[in-house]
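Heads up, the next two complexes both have chain A, just with different partners, chain B and then chain C.
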Partner chain A sequence: MPPKVDPTKCDGCRGESEPLCEQVCPGNLMTLDKDTMKAIIRDKSDCWDCMTCTKACPRQAIQTVLQYQLAYFPGKLIPLVGTNSVTWTSIDCHGRVERFVMKTLVSGDDEDED
Partner chain B sequence: MADRVYIDADVLILGGGTSGCIAAWEARQAGGDDLKIVIMEKAFIRHSGCLSAGMNALNMYINQGTPEDYVAYVRYDICGAPIREDIILSVALEVNDTVKLMESAGLPMKMKEDGRYLNRGKWNIEVNGSLLKPITASKAFDAGAEIYNRVYITELIIKDGSCVGAVGFGVRDGKFYICRGKVTLLCTGGAAGLWRPNNRRDAHHRIWYFPFNCGSAYAMCKRAGAEMTSFEMRLVPIRTKDTFSPTGTMSIGMGAPMVNALGEVFMEKDPYYVSWGGHTAPTPIRMLAFQRETLAHRGPIYLDTTKGDPAKVTGLKGQYLDMSPCIVLYWGCNDIDPSKEPIEIDGGDPYLVGAHAGMSGAWTKGITRETTVQRLYVSGDALGAAPSRFISGSWTCGRIAARHMVKALKENSYQFVDIEEGVCDTLEERTFGPLKRYQEKSAEGVWSDGTLMTGITHKDLESRMQKIMEEYCGGRTHWYFVNETYLDIARKHIKRMRQDQLQYLCVRDLHELQLAWDVINRLDVCQLVIEHMSFRKETRFPGYVNRTDYPEPDPEFDCFVNSVWEQETDEVRCFKVPYEQVVPGDRKKQSI
Partner chain C sequence: MANSIGIFVCGCRGLVSGSIDLPRMEAELAKLKKSVGARVLHPWLCSDGGRETIRESIVKKSLDCIILAGCPGNVHGELFGGLVNGAGLAAEMLLRLDIREGCAFPHRDSPDHSFRKAANLIRMWTARARLMEPFAEIRLSGHRDAVVAGGGLAGLTAALDLAEAGIRVTLIEKESFIGGNVARLNKVFPRMCDAGCGLTYLYNRIKDTGRVRLLTLSEITSLGGRAGRYEAGVVTRPRYIKEGLCSGCGRCVKACPVEAPDRFNYGLGSHRAVQAPYPMDPAGVYLINREYCPEGCEACSRACPAGAIDLTQKALETRINFGTMVVASGWSPYPVERVERFGCGVYPDVLTNMQMERLASESGPTGGRIICPGSGREARRVVFIQCAGSRDVWHQSWCSSVCCTASIKQALYLKERDPGCRVYIFYNDIRTPGDYEDLYVRAQEAGVVFIRTNPAGVSADPSGGLRITAEDTLTGRVIETVADLVVLAAGMTPAGDMMKIIEKEVVDRELLEKYGLIGSSGYHTGHRQCFPMETAAQGIYFAGCAQGPMDMGRTASSALAASGRVLKAAAVEVAVSPHIAVVDKKECDKCKRCLEECPYGVFHLDGEGFPVPDGLFCRGCHVCVGSCPRQCIVPQGFGVKQQAAMVSARIKETAPREPVVIAFMCENDAYPAALEAGRRGLEYPPNIHIIPVRCIGSVNMALIKEGISAGLDGFLLAGCRSGECHYISGSDRARERLDNLRDTLRDMMIEPERVEFLSLGIGEARIFAREAGELVKRLREIGPSPFKTAIVI
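This part shows the complex of A and B:
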């Protein structure tokens, strides 16, 4: 389920030494395209689908998309990260929407705000 | 020569994962304010490793009974095979305390009405663990550990039989890191990617285990001359088809049974499986049953969620979002509703793990977690012969290792050992070798597609290695079968790759250098696996390793298979180590 970056939303995390997705990726896969100044994945086939980059993106520019060999178009799964929870919106191929609010932390500290 | 960074630590922790972070915290508790604790992490510590996607349960918790009952359960779950009962017991004695500690660090627990943790089956508890890794890392921050992110450790430094440090390269800065440790904890995880994955091309990393764990702990221990154990006891997982998401959420969480295409609940029907406990039979036996049903043309095989607890199916998607979100998207895209239809399962590519239902790793002295190389400790998946510790047990192992390290540090008054310039130079050359070679070999010619005329890539080596392991060392497409003839072929090829082909490995940048080291380490682990499988001339873990030439267990092998690598001859010398039963009782039965 490689991450796809929407170039109209991604601003390359200007002001950061490197984009947040690049900072957090456990596989060292995200990087900044020096020509476009947008985030890209070095090799989409190497992604483990942990969705860390998708959750970390401050502009919600990243969407994780399943490989077509595994699943039909055009389902979506969108996480919206809050202070102590993450709200997931699942939209299946027929447009049916389900929403899940999952707790992430006990107390209101800043663990999920990278 | 690269710029050099010199780091000195009283306690040097290699790998900022499940056990490394908590080891740092415990080292601070045991060692006091003046102790210098350093963690070297190849990614970014708040989001790295096996926990990066989250986890919805802690699979080791003493909900009931005693720590001894847990040992009996683990022994049973590995078909009564030898395990290090002393190690498992030491974890079971304090795992509940560790869970309390992590709850106070912010981990949301699910509670029952009576105020106890919500259990899943006998030994598991449910959590909202999507931030399990940041919460785990927060303990390392609390400890005031000095953390170096994006440094890939390539080699331990061994002097006079003791580990005195480690070296590596900065994945971002390209610097050469020379770390000295008075004591060193190696906890960089298990190994994925030795065998060919089920999904190909753009989905080749859609596997169960964390694909960026490449067995560096095993490989570095091996190269350091440490005694290794149980590399024939790999983990062969049954997981959801295509996404290879964990299945315990359905099988244990809602009691969904395995069924075949005829709708038969074969675990409760076949007397052999029933004799092992039916639905909850040991992990290798359930894998064996999956194989046999499929080979008897009664596939596909499913977990029948429609036969499980209907009240629990509604929460299923939420639970997967905490751990393996891609399956929720997969279900949505493929019109799958687990309340209305069973979920298809499949056998995945084998892994080497020490803390899950596999037991490969370094052999350790007593319950100290110290390897046979002095001052070198292991934890998490790197610790061998002690399966089923999972996340909560790996946290706990980190604590136990840290206490023993601090104790040894004080009792022996360990000091920093000088590392000669020549040793550093050799290690640096080795570390950056594939990168340097690319520049040299570029001059020898480049094909029109940009590849080198006199070099090969990490991807070439990985494909070759996975093909050999798949076809000659019991991969998924060979139904996990091996015999001595197959192993001989695997041995021959892996040896040739290690001894002759690595000299052609060339990479273009630091990211690829990381991948080059991943494959160098994996090849060393392949060598261990082949020699251990070849030595154990019996079938003790059917389903995991099916030896067609020795299909039954042999009492002569009711022991551990350990090994030491001889550097001069490049041979792995295997030998038997007796099993010691600590917890009395029938090894093939659970005590509660």
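This part shows the complex of A and C:
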């Protein structure tokens, strides 16, 4: 299921012709609605939930809604991109929460003892 | 990358060692392995012996980065800076870590916590030191082209100053003459000299420089580009007279059938549609005011013996590229006919103060005799009405600061010519700041009568004069007086469309208003104390009465101040601050968010579409660093990379199950407040690990996300109060970003209260201590971060 843009948070990357979500979307599905100057998805059915836009949005304005066959409300899968890691919070339909951390960069401090 | 870091921990003669157990620290330091070349514990590092220890270690162990853990960075800055420099290290390779005000003092009652916090901080600073590199010097070539908009006193002063410094200046003046309103003054207070003399001197020196291109009859109609790379569209109106051919014989004027109001004399009197040049017209040839010409009339053209008249000339549009601009668009008198009760525009003998100036001038319509335009009599009774439309909510709310002195000056003109002349000044409050008070006294001594009143109205008197009705607010009596002439003190109102163009094309008016950079009056006042002369994007500076009403002395000073701002970025080669923003093009995906969030608009796009900051104007606030979703703005010294290393430096709990909090604090207001809290010994929880940053707007949200993923329990972002940020919008940006992040955290079932934004004034130590305490208390109630138990893949 497609990304959902929160219009109160999205600022259309301030009216730039291409907001960041449009630039990063591998399917070129995101675009700027010229009337509202907010990001919208052109075709929801083509989205394959890669979540690139969700991760990239500098205003935290995009959520990816899960397909209800996978998890109906309140199921969620939320990425959080840090500087050296990405975390995933998975909330299933019963509200159970699981969290995963993936290191993307190994810092140079690993030789220090804890 | 520092490969041999020296960690020096100072006992500060008991101030630190009294609450932090230094011998125990030795074991902690021993745990830091990578790239650490020396670990020294010393009781008193700023003593002769301590300094020698540092110097010796640097040389013997060839250290390339030093961490001094002890007093805060503003203490002994010179002492340690000089020492490190002397030992061959760059000043930026000395990292100061405050464990005195930031650790030993506020937590002196809990030595164990205090010790652990100090150990954490040293660990964080070591992680930062590993990524430090000496600054490379950045030299850029300056912007050698400037535009000065407005050829009045401010514009001429700025243009001369810039041209003398070797800058190529385009001076744009909308009228056919230079000097603006000043050119039309009879005398200048307080010396009562002639304004034309100073202007002529200025203009002659401008010509001497040979670097000023003067465009009269020209106006800027559009303005585009960004700091350092502006482009203006300029429209030059035609004179309809060929400059090389006109000999000034004046036959065209005799032939011209229509009258046009005399702009130079503020509509007092008139001339023909074709006119002789006004005084201070640099071209010095005749000029046709085409808007008054009857259709198809070619009388002047037929009369001209030299064939100099060309009625088909067209307006010329040019585009000018420049780096910096001084806006000196000046003022125009408030249209006092709007104050209907004073009868300006109804009775010809009601004049404005500028018209009075022309009437008194020898080059004016009456040759300097004060003749009432309506009755034609010599004025023997004159009433000045102050604040006509000024300090009035229905007209303009502000005081123009010069009208009182100007009216007193004009009263003195009258008294000097004819001591028998009766002169009354009806005032609300006389405002003669500084030594202009002397003029006030002089006028009183000369017999000028001052009456405190705001007159009810001016009407025609059967005697042929004007009847003024007023209530003397000091005695409470109603007075009626008859005068030959009424002079209204019209205040100053911003002139021209330059402001509108800037607000439309360079900086949003909304933003200017939000941060108080523009007065309610529409004047670009800017931040008068911290960043005077500037309000719009960088490279555009305001001078003279475009900034606010001011007298000639202040106008000239402000023009010099504005040109000083231009010169800062105008040297042939400028060594700029090493802290300027640098975009890593390998990582950048051209999203242009930095363009939008830069409070100074210093970014432009290069040929390939990458954003590039203009280093000459970059303030180094690093708000762009905080905004970049790719974290690819990498200033030298302290950027996201170093901060991320500090956040993920495996900070440990200061006591079991105690929350770990990182506080990013703006080094201008919030951090000094925290230091002050430490200095005063105000207690706040040792859980707070403070990282001072240049502006709270420079904190990238990825750092907080990283910290949360790493299991840190809370974050505190402390910046200036909204509207007081040294970098205009930095503090508000940080708050906005944090609010957005908070919503995501809520979705993730993480308590949004874990991250908090705090606005602090520089003296608000108590508030900091209180809020920090409350945050930690709240975090204890919430419990440890769920990411402490997350599955690491």
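Please note the rule applied: the second predicted complex is superposed on the first by the 98 of 114 C-alpha atoms of A that agree within 3 Å, B and C clash if a C-alpha of one lies under 4 Å from a C-alpha of the other, contacts with A are read in each partner's own complex, and residues count from 1 in each chain.
Basically, a residue touches a chain if its C-beta (ideal position, glycine included) is under 8 Å from a C-beta of that chain, and two chains touch if they have at least 3 such contacts.
Only a predicted model underlies this, so the values are computations on that prediction, with no experimental measurement involved.
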Contacts of A:L80 with chain B and chain C, given as first, second, both or neither: second
Partner chain in contact with A:N28 - chain B first, chain C second, else both or neither: first
Contacts of A:F100 with chain B and chain C, given as first, second, both or neither: both
Contacts of A:I91 with chain B and chain C, given as first, second, both or neither: both
Partner chain(s) touched by A:R59 [first = chain B, second = chain C, both, neither]: second
Which of chain B and chain C A:C47 touches, first, second, both or neither: first
On chain A, positions contacted by chain B and by chain C: 18, 23-24, 56, 76, 86, 91, 98, 100, 102-103, 107, 109, 111-112, 114
Touching residues on chain A, where the partner in the complex is chain B: 1-2, 18, 23-28, 31, 42, 44-52, 56, 64, 66-67, 69-73, 75-77, 79, 86, 88, 90-94, 96, 98, 100, 102-107, 109, 111-112, 114
Chain C contact footprint on chain A (complex, rising order): 6, 9, 13-14, 16, 18-20, 23-24, 56-61, 63, 76, 78, 80-87, 89, 91, 97-103, 107-114
Chain A-touching residues of chain C, taken from the complex the two chains share: 31-35, 123, 126-127, 130-131, 589-593, 595-596, 627-629, 631, 640-641, 644-645, 647-650, 652, 700-703, 705-710, 737, 740-741, 743-744, 747-750, 786-787, 789-793
Residues of chain B defined as touching chain A within the complex: 42-44, 46-49, 52-53, 103, 106-108, 128, 130-131, 134-135, 138, 150, 171-172, 199-207, 210-212, 242-243, 317-318, 321-322, 325-326, 328-335, 511, 514
